[in-house]
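The structure that follows is given in the form of structure tokens.
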Amino acid sequence: MSIARPSGRAPDQLREVRIERGFTRHAEGSVLVSFGETRVLCTASIDNRVPAFLRGKGEGWVTAEYGMLPRATHTRSDREAARGKQGGRTLEIQRLIGRSLRACVDRSALGERTITLDCDVLQADGGTRTAAITGAYVALVDAVRWLQARREIARDPVFGAVAAVSVGVYRGVPVLDLDYAEDSDCDTDMNVVMNDGGGFIELQGTAEGHAFRRDELDALLALAESGVATLLERQREALGR
Amino acid sequence: MSIARPSGRAPDQLREVRIERGFTRHAEGSVLVSFGETRVLCTASIDNRVPAFLRGKGEGWVTAEYGMLPRATHTRSDREAARGKQGGRTLEIQRLIGRSLRACVDRSALGERTITLDCDVLQADGGTRTAAITGAYVALVDAVRWLQARREIARDPVFGAVAAVSVGVYRGVPVLDLDYAEDSDCDTDMNVVMNDGGGFIELQGTAEGHAFRRDELDALLALAESGVATLLERQREALGR
Amino acid sequence: MSIARPSGRAPDQLREVRIERGFTRHAEGSVLVSFGETRVLCTASIDNRVPAFLRGKGEGWVTAEYGMLPRATHTRSDREAARGKQGGRTLEIQRLIGRSLRACVDRSALGERTITLDCDVLQADGGTRTAAITGAYVALVDAVRWLQARREIARDPVFGAVAAVSVGVYRGVPVLDLDYAEDSDCDTDMNVVMNDGGGFIELQGTAEGHAFRRDELDALLALAESGVATLLERQREALGR
Amino acid sequence: MSIARPSGRAPDQLREVRIERGFTRHAEGSVLVSFGETRVLCTASIDNRVPAFLRGKGEGWVTAEYGMLPRATHTRSDREAARGKQGGRTLEIQRLIGRSLRACVDRSALGERTITLDCDVLQADGGTRTAAITGAYVALVDAVRWLQARREIARDPVFGAVAAVSVGVYRGVPVLDLDYAEDSDCDTDMNVVMNDGGGFIELQGTAEGHAFRRDELDALLALAESGVATLLERQREALGR
Amino acid sequence: MSIARPSGRAPDQLREVRIERGFTRHAEGSVLVSFGETRVLCTASIDNRVPAFLRGKGEGWVTAEYGMLPRATHTRSDREAARGKQGGRTLEIQRLIGRSLRACVDRSALGERTITLDCDVLQADGGTRTAAITGAYVALVDAVRWLQARREIARDPVFGAVAAVSVGVYRGVPVLDLDYAEDSDCDTDMNVVMNDGGGFIELQGTAEGHAFRRDELDALLALAESGVATLLERQREALGR
Amino acid sequence: MSIARPSGRAPDQLREVRIERGFTRHAEGSVLVSFGETRVLCTASIDNRVPAFLRGKGEGWVTAEYGMLPRATHTRSDREAARGKQGGRTLEIQRLIGRSLRACVDRSALGERTITLDCDVLQADGGTRTAAITGAYVALVDAVRWLQARREIARDPVFGAVAAVSVGVYRGVPVLDLDYAEDSDCDTDMNVVMNDGGGFIELQGTAEGHAFRRDELDALLALAESGVATLLERQREALGR
């Protein structure tokens, strides 16, 4: 079964992935991640306080916020700050990013501090949330290295690695890493967050056109596994491991 | 592999499911659904207008709103209307309910009208979103029958049926239909929305404690398939089919 | 002077009143009160804190919140949580409920704790605020009994009883306990909150069509006194006194 | 039965009432009303539009908004515009003012226009809502005269007159027109809105300390009737009738 | 070069300035300032707390809030409290007033207390922000005298004086103290805040029609210097210095 | 008079200025402007509608919005979208940018369309608003060229050019283009917006420490004139003129 993806990519081919550390200078970690034309700035900020529900427990917290510049998209969207609230999609995505990153952090080892991962989309072409998770992991590691360099923490609170990719059924064929043209015209869309042990952290699949069968799901999961493996490799290269 | 579930249920056993039609009288569809101690009032309201983005296209819309009474839970939560906004969890759930129900509606057959599914949790004991989807389907069918009885629509816009259930890994064992005691102490939690053709509509899995392996995922999906089959049967009975 | 009330009731006849305790299980007090087709769920929740203005004074607080499910009414209303604020009518009613219930509570005997009465209308057919006050009293007593059973308070902070009813001039005739059909077509509408000593707690009369004369006021007050007497009796029965 | 009111007034004595027309120049009606040290600026603004629910019906609308300057009171209150919402008390009062004034307006005679009565308290010493209603009536008449002078309306839409006063039980004695010192220390507080035919428009009584008996209510109503009669006389003098 | 100003004033002529102390009675300072038909009520309120960022530093704070009654203007504006937020213009003006007044206060001498200057426009005819600054200075001095009379502060925290005036290019001619008719039809508008040492505190110039040249700027500054000198004289007279 | 600026620059020396067109691909104009370490992404978006107050008048509109990524600064700031409103500083800056750019646009030539300039600060080191104005001008020209290339407008609506720079008195010496280290420690801070005819568009000077004298003002204006001249040159180079 062969299709022409709008981008000309093979069904199991990722877009070009770039991970640029130190993109801005104030944050303890600052990464510009690109999945093709999707570009997300991920910063990690350290604060020596924790939310009220954790105070005095000796544990840290990792959380995320997500935003999209008004003209990151084909047509301009309203600025959420001007509308006076974050939309449902934004809240959903930032909750997903936060949960995903907490899955690779030992919060006791972090101590009573919060790391906030701000993921701001400078340019959108599909897959902003998976790019954000993949880039935020690198920013998180940089922030932790910053703490270690200052000897503020004794042992590394990050265990393993986390990356994410989207998969979907496009014109009947399972494909990896949907861009906007594919995303807006596909039958099924799934975001998969995995760790470097091959375990699943989050799985969010949505049937857009028609419900997906079990065999389609299996094919999508296989694609996601191979895509995440490559992304984890890119993270290691970027981090000089 | 045997565990004691807090409720004493077998791993593949649903809680008692009750679907009570006509619970309130003003709405075109009104269903009180219970999954054990979880009770959700689902009403379907018909409005002869559609959102701006659909005007003049001859298509209808199906959307959902979700709420929780302040003391539906063990300890009282703030009232969202008093805090001045709906939280991220609420928005995430109501978007999920809306997408799930739209997956069984032919919006052209519905015509230019909106059906709003209000799912309000009277009492919570885990699984409120899956109960809401399962009950909202029945309320939706009742609202459509109301339209048919008035001959306002020519053919039935609802095709097939949709139901949802949660599954999770509790103390190492895959179990079906988590209650609150299990939900707050499990490693993995997954909500599965399916249709009566055995297709998946939505899949949302989250690793709480540790990442889940592929074989655990397969076991969870098998449990979900059997649970949804029973729920679809309960819906048919309630609807007198 | 004889009229046909839409419901066929006599001018001084209440609708059927039902008070069902223990309607939900988490709240310290939980009452479903029905005045005919008007059904309000009243829960009483205990919190071991008081608002800032009372801290350290050894006194407790009793407050109320009021809400209406979107489709409790003939046509669907916007959800206040979604609109981002509570309307003027909601605030006015919940302030009234709170003041009314505080009128029968010795706040020193309650100690530094807050009891919040959530009154949520499941189905509306006129008189939701008077049903709410009448039901919230029973939920309040149940919450206080819960405290007494745990020996958390030494003496009963509730003195006497409080109930409420509406009266109005419908087509020239004073009538008791207006339902929606009467309420939307009456000249004068008055809500009366009284205690079991025959004293007035709150009196809120509004001329809808034309101003009401002193003799009409006297007739309405007499109807209210008899209606409240019956409601107080129903409360006693429900509480097993 | 004799008491010393803090102000030295007799129980049935109003504070000095002043009604100053034309206090500001842009509004079609602009009145500074003083009940003793309570001073409220009431403006009436005409707009040639009506709210959506009245469009095309040939009827007008009368509505009110109420505000308090932050330092109108003994201690500074937060500015509602800065807090981002109007409080429950504000909404309750402005709804009361609007209903009261609509009770003397023939909205068909007004035609499709809205008159907004803004009542802003410059200095508060008790009774701001009753002063606001009494002053807003005069501003309303001035706005109507402005329309008549321009021959924009054929006949006078204002029939009769409306005024309001507070009464209460202070240290066991029914008194008229409570100032702040009395208001914060009284057992019962009632606001009474009446027309010049002796009819009641609104009645809002609240037991602060203990419930009030029927005979106290009768005494309060008698005081209110006499107080309103004097206020109606002051309005006529101010309007040069 | 000669023009006819709408008001008939000479180009370098201020409107009639009135500064009325003690306009309301609760505030520690209360001034009604008039620049012609522009009338602003400025109150100074003392609070024995400081914002969080100053706590424990032994310094005080001076801040301002600005508001406009809905019908202070030719046509009614929406009430900001009802719209649920202060507009950009309001925030900009109140920040300007606050900065201007802080420029003449030794915050160490004030001690840990906040003085809030509420500037509420009762009637607007151009120049409300400059009138507000000029009047707020007098209210501030009165509040400080109140503290001194109670011996709560050892030395006067106010050094020098601050006043403000607008200047603009109207039909090609630089003029002083624009009223509304001039303001809405001028090419350049500048607000100038100065102290009694001839120093500039704030300068805010905006080209409305065309950019202004350096020689126009010089002429405007000269006008502003003379106007402020007169305003400072009026302040001294009002304060009985 | 000689000082050491923290950056080692001469008093009249700008930071390195970079203007990078086409930084993102969806917007009709997209410019990354850098004033040293301050980096602002300015996009121009065209919409074929105008605000309500301009509809049917044949004129266009130019407006601006400003934002700062949470970690653009030394310490993380709250995200305005999460707090639910834009702060006073943000509103003030975006109003300034909008006014400044409208000063070089013939809105009749633009026709009934809106150009929105989004200025988002990726990294802040002082002077974000002046960098934003300088960069937004280039984005605006690119958007107009886009319209011209499609022959949607007949003549160029942009006349002249606009650029902005900050000046201030740092340790007694007037300096050009303050960076963060200087800005947070200077006595006077002034933002100057000028056009290429040498005219002033906006002038906003604030005395931080002590009031500034007229001779200081003259020195600052001279510095600003020379700085803006250089910036206008950089704009021309970037635009290939």
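Details
Here the chain labels run A, B, C, D, E and F in written order, and each chain numbers its own residues starting at 1.
Simple rule for what comes next: a residue touches a chain if its C-beta (ideal position, glycine included) is under 8 Å from a C-beta of that chain, and two chains touch if they have at least 3 such contacts.
Source: prediction; values computed, not measured.
Touching chain C and chain F at once is no chain at all.
Relative orientation of chain B with respect to chain E corresponds to a rotation of 180°, obtained by superposing CA atoms and rounded to a multiple of 5. Distance between Cα centroids is largest for the pairing of chain E with B. One inter-chain figure worth recording: chain A and chain F are separated by 33 Å, centre to centre, where each centre is the mean of the chain's CA atoms. Mean C-alpha position of chain A lies 51 Å from that of chain E. Contacts with at least two other chains are made by residues 84-85 of chain E.
Taking chain C first and chain D second, the full cyclic order of the chains is C, D, E, F, A, B. Residues of chain C touching chain B in their complex: 24-27, 30, 37, 39, 41, 43, 45, 47, 65, 67, 69-76, 79-82, 84-86, 90, 116, 118, 120, 122-124.
The part of chain C that touches chain D in the complex is made up of residues 85, 87-89, 91-92, 94-95, 99, 103, 190, 194-195, 197-207, 210-214, 217, 221.
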